[in-house]
């Protein structure tokens, strides 16, 4: 999984019928220190993530191993809202502190 | 999923028999600000996208989770025509305005 | 799918038994203007592509959604010989003209 | 599979219900000489890897071919703790020596 | 598939139980002219490849379409030992000559 920050969303009315009701977030991928990478992913969200939150995104067929997504042509899904990222003794990110 | 702009199409007569009747679009991938990336994808289209429209493209096995594509050797499919892309408070793209 | 030009082939006698009889082409990927990219793919060919022809290559599990390949450990397959690539009003490639 | 070094972990409470009880490690990918690459992966761990250990990470659908992960939306998993990496006659890494 | 040169191996005792008995090779990917790329893959070997031999490596779910690997969390497998690579009229590699 990659770490990403929720930046916005994508809206579509003319789409695969199976995607009706799917909330699509625009995620900016970040490196392990929290610096933005020049990569984004549009991912389905089932965990209720909001703008600026850090999340974990799963890509590929994993996107369909989520209840309700089995028959949706998705290749990316938000699987978790991150509480904290720790590298050795350093706390890189903490949702509570939002120090970044 | 990635955001892409429809640029053109690819035509083939000698192909896997299962691909008969599949419309193949040439998509230019764009970054989250709408700038063109040096990447393209040839994707099957079932949603009726036209040149210059912004679309969402799903890659990998997702391409076969679309009615009629189950037995086609596809690795990319247009799953939605985009109405709008929003990053925080900014409207990056709006199909109605076509301001980009 | 990506656009590629057939450049040559790869021959192997000591291989997975299921690959017996599989013709393996060496493909040079090209960008959407037909310029060669520093990327290649060795792909199975079931459509009878020849050297210098432009083809579409499907990667990943799509390679096994082709009759006869279901039980072969392939991750790339030629799915079509390209007749033409068109970007907006420009004809980028035409098999008939071979102008490139 | 890629070679990676365990650097830390990611904690989340609000997540896909199926991910409850999954330990998520932050892995830094390394090249074949053990130099850190600017790439990381957040992967599920079922083999009990600890910080600084070198591991093998499998990506994609392989992540779900591990007992207990079948129905989890994972795209990366630690499949082994590495004892040694050898290139021709050179021992690049040995867990016993921890010379790196 | 990609072309790679066998460089060494990776040994692990603490691993997914299903990987017991799997020989893991360290492969250096090469470009279509045989020049080393800054990419490697650790792949399962069922065809008996040795150091310095050129092989074909299949990635992704293809790694599990090999007898005995169906239930192993692998994302890369050696599927063939290469005899020759030919680009148009040039012989890029020949196992017999080992001229490279």
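Residue numbering begins at 1 within each chain, and the chains themselves are lettered A, B, C, D and E in the order written.
By our rule, a contact is a pair of C-beta atoms (placed from the backbone, for glycine too) under 8 Å apart; a residue touches a chain by one contact, two chains touch by 3 or more.
The chain list, named the UniProt way, goes like this: A, B, C, D, E = Carboxysome shell vertex protein CcmL.
The shown structure was predicted, so the numbers you read here are calculated from the model rather than taken from an experiment.
Contact with both chain A and chain D is made by no chain of the assembly. In a homomeric contact, the two copies may use the same or different surfaces; for chain D and chain E, under half of the interface residue numbers are shared, pointing to different surfaces. Remark: chain C and chain D have CA centroids separated by 33 Å (rounded to whole angstrom).
Shown for chain B are the residues in touch with two or more other chains, namely 60-61, 63. Order of chains around the touching ring, counted from chain D in the direction of chain E, is D, E, C, B, A. Looking at the complex, you find that chain C touches chain E at residues 7-16, 18-19, 24, 26, 28, 38, 40-43, 51, 60-61, 63-64, 71-76.
Partner chain C is touched in their complex by these residues of chain E: 1-3, 31-32, 46-48, 56, 58-63, 65-66, 77, 79-88, 90, 92.
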